[in-house]
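There are two complexes below, and they share chain A, which is joined by chain B in the first and by chain C in the second.
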Partner chain A sequence: MNFEQLSMLAPEFTMLVGGCLALLVGATSASQRAQLVSPLAFITIVAALLMTLSLGTPESAQVIPGLWLSSLTFYVRCVALVVGAIIVLVNWHQPTASERGEYMALILFSLLGVLLTASSNDLIVLFFSIELVSIPTYVLIGLSREDSRASESAVKYFFLGALSAAILAYGMSFLYGAAGTTLLQTSGDGASIAAWASHGVMSGTAIVGLLLILAGLAFKVAAVPLHVYVGDVYEGAASPITGLLGFVPKLAGFVALIQIFSACQWDVPDAAYWAIWAMAAATMTVGNVVALLQTNVKRMLAYSSVAHTGYMLVALLVGPMAGHGPMHNGVAALLFYIAVYGAMNLGLFAVLSAFARRGKPIETLDDLAGLATVSPLIGLATAVCSFSLMGLPPTAGFVGKLYVFSSAFSLGAEHAFQKPLIILAVIGVVNSAIGAAYYLRIVASVYIRESDESPTPVAGHPVRWGIALCSIPLLVLFVWPVGLLDTARQASVPTNAPVHSVKVVEASGITSAPNTTPPVLLNEMPFAAASRD
Partner chain B sequence: MTIGVTHFLVVGAVMFCCGLYTMSTKRNAIGILIGVELVLNSSALNLVAFDRYMGAGRLDGQIMALFIIVLAAAEAALAVGICINVYRNLATVDVDKATQLRG
Partner chain C sequence: MSIETLKLCGIIILLAPLAAAVVAGALGTRVLKSQTHWVTILGVGSAFTCSCLVFNQVVGAPAGESMATIPIYDWIPNATASMFRVELLIDPLTSLMLLVVTGVALLVVIYSRDYMRDHGQPERGYERFFAFLALFVFSMCALVLGGNFILLYLGWEAVGLCSYLLIGFYYDRPTAAAAAKKAFLVNRVGDFGFGLGILLIYLTFGSLEYTAVFDMVSRGVDAAGNTVPSSTITTIALLLLCGACGKSAQLPLHVWLPDAMEGPSPVSALIHAATMVTAGIYMIARCGAIFSASATAMTVVAVIGAVTALFAATIALVQTDMKRILAYSTISQLGYMVLGAGVYAADSAVFHLFTHAFFKALLFLGAGSVMHAMGGIIDLRQFGGLRRVLPWTFRTFVIGSLALAGFPLFSGFFSKDEIIHHALTASPVLGVMALVTAALTAFYTFRMVFLAFWGRERIPEGVHAHESGGWMLAPLMILSVGAVFAGYLGVHAVGGGFHEFLAPVFEHTFAAHRHVTHVAGVEPTLWDEYGLMVVSGAIAILAIALAYVLYVPQRWFPALVKASAVRTHRTLWNKYYVDELYDAGLVSPARRAGRVCVGLDDYLIDGLVWLATAIPRGLGYSARVLQSGFLQGYGVSMVAGIAIIMMFVFWS
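Then we have the complex of A and B:
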């Protein structure tokens, strides 16, 4: 390891230093200094984003054996930092002045965990990155809240989270026992899980390990049957932080699943495959049906978050190498979808946090009534985010759902799971239709329903900017999804090329695997080209 | 009879199940935390056993076990903080009393 290699971790170091500075500034009691914390957190994230962009898409480069930068790292860094910046905007005035330092530092640390998850190349690093994502969120729920519901939701989230972490560690111990190493992949001939998986049938130990890992990560992504906490936790937490809860752990969980499956060469054993299949079907259905029954918008969005996890699991099952066409890449569809989901979900929670009714933050459909007359622009943003969650044009949610389901339909007959995946995609499409019903209730409440007491705007400029930054990209990405999708497709190609084709470049001091990513051609994308016209 | 990796795995599995059982039956938040610790320690035991019998000599498992001990300590600190917060609001750490959120 030398300075050149360390400099590739500049975004992570920036987040770490920014978080520590926020803690220090927050520790000083002067309240005018507390005003500095939110701008500091925002600038830190923007700086980390600029560094990520200037570093560009790295060739698969190993910093230390446990950290491996790839095009997946680049994509996840960009998405996490862009959405992270909006999360800071939405939370700008949320914490009380005396707790603002801790609050912003915890947001930065949680995002740092996502960045590290995307570059981890070792089960140890992966496990602790995921914990770095989760542990700050347990605290964030209870911080700066007088409401006793917040401490109840913190306690529920913490104990289920701790259990899922323990199950994840237990599963990883079995995977380690089967593979004999915790390294996910190596550039040389050394032992790694990728090398072990490329020659050998999975033993029972490994399958047990994978199933337990799946169970542990199901909590992070809020998949059935480990979704039981979402309703209570989302309702108890403040709206601005709920936008973070719906996105950051989900992104980390899915990236971890991609990392582990790609180390296993996407050769998922049948038991795990069927487990994910059942999980995806149940997650979509339970999420949508329970969401239909809710009148509390936060609770409704919580179960909608479960349903969206189901759609993403479908894409995960398709995998990255289903075919050669543009729509055949499930992992690219998943990565695209989760970025879009982050924006549309955060947008709605930002709207909820921007208003109050009768002196309380708005929570129910009744509270939303008449919002469009009070603030037409925010009403429009609510409609855009809702339509995007529904998957209707002209929003990015439509493009995302199209990619996810068409990737499942596009499998060739030679694929062993062609029929089950088509059934799953049909279940998904039916579920999208069910989902439309409750999102429409939100739009109807905002636009049609009349209320004796309309919500009053309470948000400052940062929250308004946050709402704009969530909803405008949703329209832009519908017209021009190519840029994001192209990056997602590069990120989805497994970095672990067969061990023999990787050569070690020592001259530059950077151990790299050159050109494991095939070039992606824009004109391979009929839909993207068509939508531009 | 020589002691092999299976024996350690069985002990680990028993600890894992005891942890799950503790978590599902205890109503006191601290009791639930003890259950979490049992589950975490079962994974640490597994890691050390696998490292001893099947590892490639790189001590990966033992290092991960050490980190898990650190994580358990961090989680215990966090759990106590959260429990104090709950106690201030509800004057009890009995999780059955925390029932404002239902749906």
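Then we have the complex of A and C:
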């Protein structure tokens, strides 16, 4: 490892240093110094983002055996840092000044975890990265407000999170046992999970390992049956931090899933494939159906977040290379969707945190009534975010859903899972329609319903900017999705290693594999039909 | 200027008004307030400047290179269908339309600065007005710049939305709200057909790109090389015509335009006279390949145009609301343009569109100036003799009226004469209808002028009449220059090259077929043409003279006519009872059906929905039992879930 390689990790180092500085500044008792913490955190993230952009899409590069930078790293860094900056804006005045140092530092560390997840090339590094994402969130929930419910949900989240971490580590141990290495990919002929997966059929041990890893990560992304915590935890945490909870662990979880699956060459045994299929269907349905019943907006959005996990699982199941059609890359669709989801979800939570009714934070649909008359622009932003979550034009949510579901429709007839995936997409479309019902209730509350006591704005300028930065891009991305989508496509294909994973030659659209991997394998991949002509 | 510069200009034309709309909408109420008009002037002004550059480029382009399709970006990359591409088409027709749209819009925005003020104070919704106006300019530019049917449709719907928003600008006035709704609904009827037409194009040709589709249509084959039956082409053309009838207020969908005058006068001038309503004519001209490939469709187009022109002109004879007279006159003039396109003279139709934009915008703005001075009253029975009260409004209004009436050597004279000429050559019946309409037009226009400006000075009580200020008069003067001279651009004798400029657009479509229809007959001689000019000029002068005789010296005549032809007068006054007919035939039944549906909805459907949602709700409640809030319960259910997955995987 030399300095040049190390400099590629500049964004991560920046986040680390920024987090430590925030801790230090926050520790000094003077309250006017605590006012510096939020700007410091914001500047840190912006600096990390600028470094990411100046580093550009790295040629797949190994920094140390456990860390490998790729186009996926670049994409995830950009998305996490952009949304992270908005998260800091939304949390600008959270919580009381004396705790703000820790609070902001934890947000930065959690984001750092996401960045590391995207570049980890080793099961152990991956595990630590994921936990680096999760552990700060447990504390953040507890810090977020002076309320016994916050403490309760922090404790619940912690214990269940610990359980899921155990399951994840257990699963990784099985995979290690089967593959004999924890390294995901290597550039040479060395041992790695990718090399192992490309040579043989998966054993029972490996399948158990994969399923347990899937379950452990399902907790992070809030997929059925490991979604049970979301309602209580989202409700207990303060709205600004709920915006983080809905996005950051989900991004980390999906990136980790992409890392693991791509190391396994997207070659998953049929039984496991069906398990994910059932999981996706159940996640969409349960999330939407339960959300329908909620009157508490935060609980509603909690279950909506479960439903959106279901849509993203559909795209994950399609894999990076399906058949023909306008959008034939499930992983690109997923990466696009999760970025859009981050903005629209955070936007709604930012709106919730920008108002109070009768001196209390907004909790229920009733509390939102009459918001549009109080603040027309924020009302409009609420509508934009809600329509985007519904997947209606002219918002990015529509484009995202279009990509996700059309990727499921685009598999060729030679693909064994063509029909099941189409059924899954149909289930997803039906679910989108169910979902529209409760998102419309939010819009109706904001615009149509009258209230004896309208919500009063409590937010400062940073939160307002946060809302604007969430909702305006949703409209822009509808009109011009290509920029983000192209980056997502690049990120989706050669995840880590240049040698063992499949490369897609963009210009000709021909799939080719390097010599070390038998080309025959491409045709045998049930996860992804290789033909792309 | 390279293609890159052209592309940049196109993007600026689109984005500058859009940005102005966003800024005016977002910052108008708080920051800009009574200065909001500057944002819109800036946005539309930049669009106008770029339109001039584009126009200049197209004029200067060497022969055969005046058309360019400029892709901007792919909406979905690597898409198989070209419908997902955002692309601009720049050709003589587009560049001309852009010039008209942005030019008139700029003048109207400047005019509105004073018009939308009451005693110097901005009206309520001042910033909203300018935001919508800028949004309209964006939509209209998108409509004319779009390089495929998707963008055309998007622009088409967006201008409809802006029209709706601006007609209903005074939304607390019930008549304005009703008019906005009516305009929107009537346009839905047309747009439904239009949408179906576009779908049929896609189903038939597998593409929505202008160049690709028109190329296939002209060769009579689809993408796979199979012959397309002519009945399909006719169906497509008629469906597209539906859209044109709605947007350009042709029979039987004309009913919305007179009511649309509830909007502020600048809106009437810009949207409902000069630009948006001409979108139908633009579309027919643009789709010339499709229309001219079907003789049946062309006949329908011509007949609808001629009938509408005559029909609307007769109604205008008896109306007393100045803006409504102008609205019917607009319908009638649009009828001329449609007629022109229908007799394979699309270049003449576009020429009339061009001159009409000047004088009709001028007339509406003039009427607005009168209305402004009369304190919102526009009924000709309540005022008169304003010649000295509003000297400049009077002068410009008369210029506009002369142009509209087809008074010799004014712009409307040349363009209308061309259409009449082509109509006469195509079919004597259509030609005579067009000539009669011309006479009626001159008569009702000057009836209005004489009633408003001549005779004894009458001003409604309590109104302090005053001439408008410079912000309003300057656009009137600029437009009146156009109203006088725009026509000469189409006259060869003085070096006007309008038709040569447009020729590349129509040479393979309308023009090609026009020559075919002329093979049987004899090419019209110069004498035919000038003879007609003399005739139509004489008709206009006679009609104006008749109006003078009847309305200026003594005003016993209108009462006499009203008494002697009660029934005719009443029919015309009630606009042939079309609204009542629609009300009895469509609206009332629909409303009754609606009531039945509401009943069904409340009891039957809601019951079914309740039943249908009972299942998820039941599921939800049972799931809620699991959500007891106990940590142990959550942990157990998670582990149980994993166990079930494991069993599922290893058992199967």
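Please note the rule applied: the second predicted complex is superposed on the first by the 490 of 533 C-alpha atoms of A that agree within 3 Å, B and C clash if a C-alpha of one lies under 4 Å from a C-alpha of the other, contacts with A are read in each partner's own complex, and residues count from 1 in each chain.
The rule is short, and it goes like this: a residue touches a chain if its C-beta (ideal position, glycine included) is under 8 Å from a C-beta of that chain, and two chains touch if they have at least 3 such contacts.
The model shown is predicted, which means the values in this text are computed figures rather than measured ones.
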Partner chain(s) touched by A:F128 [first = chain B, second = chain C, both, neither]: first
Partner chain in contact with A:N296 - chain B first, chain C second, else both or neither: first
Chain B versus chain C as contact partner of A:G231, first or second or both or neither: both
First (chain B), second (chain C), both or neither touched by A:L163: both
First, second, both or neither for A:G177, with chain B first and chain C second: first
Partner chain in contact with A:W274 - chain B first, chain C second, else both or neither: second
First, second, both or neither for A:Y138, with chain B first and chain C second: first
Contacts on chain A seen with chain B and repeated with chain C across the two complexes: 155-156, 159, 163, 167, 231-232
Chain B-facing residues of chain A, complex: 123-124, 127-128, 131, 135, 138-139, 142, 148-149, 151-156, 158-159, 162-163, 165-167, 169-170, 172-174, 176-177, 180-183, 191, 231-232, 235-236, 294, 296, 299
Footprint of chain C on chain A - complex, ascending: 155-156, 159-160, 163-164, 167, 204, 207-208, 211-212, 215, 219, 224-226, 228-229, 231-232, 271-272, 274-275, 278-279, 286, 289-290, 292-293, 324-327, 377, 434, 480-482, 485-486, 489, 509
Touch list for chain C against partner chain A, complex: 26, 73-81, 84, 613, 616-617, 619-621, 623-624, 626-627, 629, 631, 634-635, 637-642, 644-646, 648-650, 652
Chain B - residues contacting chain A, complex: 5, 12, 16, 19-20, 23, 29, 32-33, 35-36, 39-40, 42-44, 46-47, 49-51, 54-56, 58, 60-61, 63-64, 67-68, 71, 74-75, 78-79, 81-83, 85-86, 88-90, 95, 98-103
